[in-house]
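Below, chain A partners chain B and then partners chain C, in two separate complexes.
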Partner chain A sequence: MTRMTRRALGRLAAGATVLAAAPGLSFAQGSNPLRIGYSMSLSGGLAPNGRSSLLAHRIWQEDVNARGGILGRPVELVYYDDQSSPANVPGLYTKLLDVDRVDMVTSSYATVMIAPSMPVVMQRNMCYVTLLGAGVNEAFKYDRYFNMNVTGDDIRANYAKGFLDVAARLPTPPRSIAILAVDNEFAQKAAESARYLSKQRGLRIVYDRSYPPTTVDFTPTLRSIQSARPDLIFIGSYPPDSNGILRAASELRITAQMFGGGMIGPQIAAVQAQLGPILNNLVTWDIYSPEPTMDFPGIRAFQEKYRARAVQEQVDVLGNYLQPYAYAQMQVVEQALNRVGKLDQAALAKDMHASTFNTVVGDIRFGIHGEWAEPRNLLVQFQGIRDGDLEKYKKPGAKVILFPENLKSGELRIPYGVPA
Partner chain B sequence: MDGDLVLLLNGIVSGLLLGGLYAAAAAGLAVSFGMLDIVNIAHPALMVAGGFLVVLIGTALGLDPLLAALLLAVPFYFLGVAIYTFYHHFFERRGDEALQGLAFFFGVMFIIEVGLVMGFGPEQRFLDPPYAFITWRIGEIDIPLRMLAPALLAMAAIGALWLFLRRSFTGLAISAVAQDAEALRLMAVDPVRIKRLAFGLSVGLAAIAGGALVVVQPVEPSSGQVFIGRVFAVCIMGGMGSLPGCILAAFLFGVVENVTASFYGPSWSPAVAFGWLLLVLAVRPQGLFGKLA
Partner chain C sequence: MSGASLPLAPAPAMAASGRRHLPFWLGAVGVAVLLFVALRAIGNDYGYFAGYFILQYVVLATAWNILGGYAGYVNFGAAGFMAAGAYTAIALRKATGLDLLPGIAAAATVGALLGLGTGYLTLRLRGVYFSIATLCLAVVLQTLVVNWDYVGGSRGAYIVRPREVAPFTSYGEYLFLVMLVLAVLAVGIARTVEVTRLGRGLQAIRDNERAAEAVGVPTLRLKLIATALCGALMAVAGAPLPYYSGYLNPEGAFSLAYAVNAIAMPLIGGAGTWAGPVIGAVLLGSLQQAATVTISSALNLFIVGWMLVIFVAVAPRGILGWFRRRR
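Presenting the complex of A and B:
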C-alpha cells in the first residue's frame, strides 16, 4: 500500500483549493456569449437566499437563451461563491472585471455583500443592478447603481410606515411600542424607521434595544418586553433569530395588538414549516405574497419552473420571497440591453434611469439614487395557520397583504398570540 | 410578586437551562482540549453535523431527536477515532500538532460546513418533538421543555462520562494521559490508544450536543460559528479538563447572559459573560475547578 506523504497531501489540498475557487460557469450554446458576472453566497450564513437566487438566475438564463439570447448572443453567467464573507467580495469583482472581463455585473443578495463591491464596480464605471440592498447608495451616490428592492430611497420614512399606518386603524388606538432589532445594518435601519415614525405619531417607546446575532436564547429579552406591556411590538430580526424570538413569544404567551414589523425569516418556507400556527396573526414586512393583487404577468410561470426544481436543488421550496426579485433583477439587465442595443455602460445607465421595466414583480421605475421610484414595502399577516403544511402558501389567503392600499387583500386580525 | 424579582428568577432559571445546552456543547471539548490538549476548533461544527444527522435519522425512523442523538453517538465515536488517527499520524506523531494541528481542525471545520451545504442544502433543518411546544409554569416561573429536556440529557451524558472517568481503569488512564503520557507508557498502557478512545468519546458527545441543539433551535450549516467562542470560554473557565467545572461554568455563562439580557438588554450579554471569564481567570488562572501545574 502506498503511504500518503505530506507532499502528496499538500498536492491534494492544492487541487481541492483550485477546484473550490473555480468559477461557476453556466455555459450557453454558441460562441461569443454575453457574460454576466457576480459573486453569490453559495455557502455560509447567506447561502439559503444565495442559492435560491442563483436558481432564479439560471431559470432566467434558460428563458432568455430560448428566446435567442441578448443582442444575438447567448447569455453566460459567471459567478463565484463569496462564502457570505464581505471580505471576499472586492477580490471577486476585481477578478470578474479584470481577468474574466465580463460584459455586465450584477450583485449577490444583501446589503453586506453589495457594499464592499461598490468601489470596484464604480472604479470600472459599470452599471450595477443589485439585489435587495438597503440604502447602499446613500453614501456612494453612484449614478449607475440600480437596486431591486421595495424599500425606496428613504428607508427611515418608508420601512415601518405600513406597520404604523395599519396600527393607527386599530379599534383601540395604540399608545406604546417596543422595538427590538439585531445588530446588523438592515435591521438597524428598520428599527430606526420604527423609532422615527413612532415619535412622529406620538407613540411612547417603552423598550428599545438591540441584540447580537449570536444570541441563542430570547426568553429573557421577550420577558423584558412583556413586562413593559407595549401595545405594539416591532422586531427587526434575521433567521434563525426569528425562530427563536417567535418560539420564546409562544412559550411566554406574549400578546400584543400587533407583533412583528420587520422580521426576516417568516418569509422562508423552512421557517413556515417549522413554526406553523405560531405564525398566526403575525404581521411583518414582506416583498411578495401570492395574493390576487400581486398576480403580475410571468410570476406564475416563473414560480412553476422554480418549484419544479427547488426540491432537487435543495433550496427554498416555495420561492415566495426574493426569488422572483432575483429573476426580475436579470430582466432589468435584459430589457436595458435590448433597448440600448450595445454594451455602452453610460447609455445603459441613462436608459435604466429613464425607462419602466416590465418584470415578474410588476412594473418598476428607478429613482435618482437607483432605488425604486415608488417604494412598495408590504405589510402581510399570517392568517388561519393551523399546521406547517406548505401547500397553503402557494395559494392566496395564508399571508394576506394589509399594506399598501393598492395591493391590500385582507383585513387585520388582532391580537397576536391567540390560536387560529 | 415584584416584577423585577420575577424577571430575575426567570432570568436565572432560563440561564440554567441555557447553560445545560452550553454544557452539552462544551463537555466534548473539555475532553479533547482540556484533557488531550488537542485544539479541536471543529467541535461545534461536528455538533452541527450531529444535529443534521439527528434530523435525518429522527425523520426517517420517527425517533425523538434526543434518542436519535444517543444512537448517533456510537458512529460519531468511531468518526472521532478516525479523525484522531489521521491527526496523530500526520501531525501529533511528528510534533507538528501546535500550529499545523490547529490548521488541520480549521480545515475539518470548513469541510464539514461545506459538506453540509452540499449534502443537505443551506436551508434550516428542524425536528420538533411534541414536548418542544410545552411550557411548564410553576408560579411565576416558566420552564419550556424545549430547553429543559436537552439540559437534562446533557447532565445525564456528562454524569455518565464523569463516572466512567472516575471509576474505570480506562477512564483513569484518560485522566492520566492528560498529565503524563510517558508515565502511562511505563505502565504498559499505550497513550495513543487511550487518546484515540478519549477523542472518540469527545466526538460522541458532539453528536449528543447536536441532538440537544436540534430540540432548542433549527440548525443550519453555519450554526456552529455561534458556539465557538462560548464553548472554549466555558471549557477554560471550568478548568480545562474538569467536567464538574465545565458544567458550573456553563451554568454561570448561561445565567450571566440571561440575567444581563433581562435587565440591561441582550447587547450586553456577551460582553458581561466574557467579562466574567476574565474575572474568574484573574482570581483563579487555572479556572473554577482546575489545578495549578
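Presenting the complex of A and C:
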C-alpha cells in the first residue's frame, strides 16, 4: 500500500479545492457573455422553491441562448447559495456587482431574501426584477424595482378579495369568519387583508389569532375555531403548518362552507401527494393552475421541459407554482434588454415601467411602485381529489379557478370536509 | 466553576503583560489602520462586506470569551444578546430617528442591563444548568420580539439606510469602519479584563469557585461584571446588523449560526486568552465567507462542526494552546 505523504495530501487538497471552486457557480458560455447575477436559496428552509426556481432560470437560459442570446451575447447566470439566510444576502450582491461585475441583477425567491439585497442594489442604481416579494418596495420606494408577484400594490385590499367575493355568492350568505395566521410577514399581510375586507362587508370575526411558526399540534386551535362555529375559515399558513392544520382539520372532521383562503403549501407537488383527499374542496390562494383559462403562450413548452428534468434535479415535479413566474422573471429582463438595446439601467427601468411584457404567465405591466399594475390573486379549489396521485394536477379540473372572473374555470363546491 | 470542563489555554504571565497596555493599543490601532487603508486601496465594496462579516464575529467571540473563557460559564444565548442589540437599534431609530452610532450606544446599555439581569437571576446555576438558562433567554427574547409589533414583530423591520455617509465612499465602507473600531475596542476590553484583578478573579472562579470564594474573591460581583460586559459587547456586535442588511426579521436575528460561531470561534482559537477568539473568528469567518462564494454555502455550519471535531481531537486547547504546548 502506498503511503500518502504530507505534501501529496496538500496537493490533493489544493486540487480538490480548485475542482470544487471551478464551477464557481458561474457558467461561461463563450466570449463576452451577458451576465445576470443573483443569490438563490439552494439550501435551508427556502431551498425547495429556490432550487426549482433555479431550474426554471436555467431552462430560460438555454432557450434564450438557443435563440442567439441577448444583444448578440450569450447569457450567463452567476448565482450563489444564500442558505435561506438574509444576513448572507448583502455580501453576495456586493460580490456579484463589485467582483463578478454582472450586467444585470435579479432576485432570489421570497420577501426575506429580497429585502436585504435592496440597499446594495439601490446603491448601484441597478434595475431589479424580483420574484414573489410581498410589499418590499413599500419601505424602499425604489423606482427601478419590479416584482413578479400577482398581489399588486395594495395587498390589504386585494389578497383576500377572491375568497370573500366567492363567499358572497354562497347559497346561504356567510355571516361569520374565523381568521388564523402564522407569525410571519406574508401570512400576517394575508390575515390583515381578510380582517379588513371582512369588516368592510359586515362579516362578524368570531376568531382571530396568530400562532408561532414552530407550532406542530393544531388540534386545540382547530377545536377552538370549531367551537366558534364560523361560516368561513380563513387561514394564512406556510408549508409545514399547512400540513398540520389540514391533517388536524381532517381528523376533527371540521366542516365549513369555505375553508382555506391564504394557505401556502397546497400549491406544492409534494404536499399534494402527501395530503391526497384531505385537499378535496379546499379553497385557497394561488398564482397558477393548468386550467384552459391560463393556457398562456409558451407555458406548456416550459412545463414540458421543466417536468422532464424535475425528477432528476430533485425539485417540485409539477412546476405549477412559482416556477413559471421564475421563467417569466427572466423573460422580463430579456424583453426589456432587447427593446432598449443596451445595458443602460435608467433606460431599462423606463422601459419596464412603460411596456407590456408577454410572458409564460400572461401579459403583464408594472405599476408605479414596481408591483403588477393589475393584481391577479387566484382563488382555486381542489376538486374531485380522491388520492395523492400527481398526474391529475398536470391536467385541468383538479385545481379549478374560482376567481378572478376572467380566468374562472369552474364553480365552487361546498362544504369543505366532504369526500370527493 | 464546578462542572465546567472547557479546555483552556494556559493563562499568560499577567504581571508582565499588565504593564504593556500602550504597545497593545498602538499595535491594535496600527493593524486596524493598515487594514482600512489596504481595503480602501483595493477600492472594492465586497472587501468591506466580507470584512464586516468577519469583524462582527471577532466582537461576538471576544464577548463570549469574557464569560465563557475567563470565568468558565458557557453562554448559549449569544444570538439572543446580539438580537437584543439589533432590535434596540431598530427601536431607537423608530422612536427618535437616531442613527447607527447612538443605536450602538443604546445597544451596549441594553445589553449590559440584560446581561446583569440574566446574571443576577441565573448565576446561582452552574455548569450545564447555567448554559440551559442562557439558551432559554434567547428563546424568551425571540418570543418577545415576535410579538412586539413596534419593531416589526414576526414580519421583520426595514431600515432604509442613507446611500452615502460623508466622507466615506460608500455606506459599506462606513459600516466596516464602525465594526473595525468596535472590534478593536472589544479586544482591548477583553485584554484589559484578562490582565487585571478582574480577570484573575474570573480565572479563579473558573478553576474552583468555592476555593476562590473561600480566599475572598467576590465571586458574584465579578460574575455580574462579566455577564454585563459580555452582554454589552454581544449587543454591540448586533446593533449594526439591521443597517448592514436593511431588513431584519426574528429568524435572521436569532439565527443559530451566531450562537454556534460565538462558541466555536473561541474554542478553536483558544478560549481564556484575548487573542484566541480573534484567531478563531478570523479563521472560521474567512473560511465561511470563502465557502459562501466558492464551494457551496450549505457547507458553512458543516465546516464549523468539522473544525470543532478536529480541534477537540487534535488541539483541545485551541490554536494558541497547541502552539504553547509545542514550545
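Here is the rule we go by: the second predicted complex is superposed on the first by the 393 of 420 C-alpha atoms of A that agree within 3 Å, B and C clash if a C-alpha of one lies under 4 Å from a C-alpha of the other, contacts with A are read in each partner's own complex, and residues count from 1 in each chain.
Assume a contact is a pair of C-beta atoms (placed from the backbone, for glycine too) under 8 Å apart; a residue touches a chain by one contact, two chains touch by 3 or more.
From a predicted model like this one, the values you see are computed outputs, not experimental measurements.
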| item | value |
| --- | --- |
| Partner chain in contact with A:G50 - chain B first, chain C second, else both or neither | first |
| Contacts of A:E185 with chain B and chain C, given as first, second, both or neither | second |
| Which of chain B and chain C A:L42 touches, first, second, both or neither | both |
| Touched partner set for A:E374, first chain B, second chain C, both or neither | neither |
| Touching partner for A:P212 - first (chain B), second (chain C), both, neither | both |
| Touching partner for A:K95 - first (chain B), second (chain C), both, neither | second |
| Which of chain B and chain C A:P220 touches, first, second, both or neither | first |
| Touched partner set for A:A270, first chain B, second chain C, both or neither | first |
| Residues of chain A that lie at the interface with chain B and also at the interface with chain C | 42-44, 183, 210, 212-213 |
| Residues on chain B engaged by chain A in the complex (per definition of touch) | 3, 6-7, 10-11, 14-15, 17-18, 21, 90, 107, 113-114, 117, 120-126, 128, 133, 135, 142, 144, 146-147, 216-218, 220-223, 226, 229, 254, 257-259, 261-263, 265-267, 269-270 |
| Chain C residues touching chain A - in the complex, by the definition given at the top | 44-46, 48-50, 52-53, 143, 146-147, 153-156, 158, 160-161, 163, 170-172, 241, 244-249, 251-252, 255, 257, 289, 292-298, 300 |
| Contacting residues of chain A [partner chain B, same complex] | 6, 9, 13, 42-45, 47-48, 50-51, 84, 183, 209-221, 223-224, 227, 239-240, 243-244, 247, 250-252, 268-271, 273-274, 313-316 |
| Chain C partner contacts - residues on chain A that touch it in the complex | 17, 20-21, 24-25, 42-44, 80-83, 85-92, 94-95, 97-99, 112, 115-116, 118-119, 122-123, 139-140, 182-185, 188-189, 210, 212-213 |
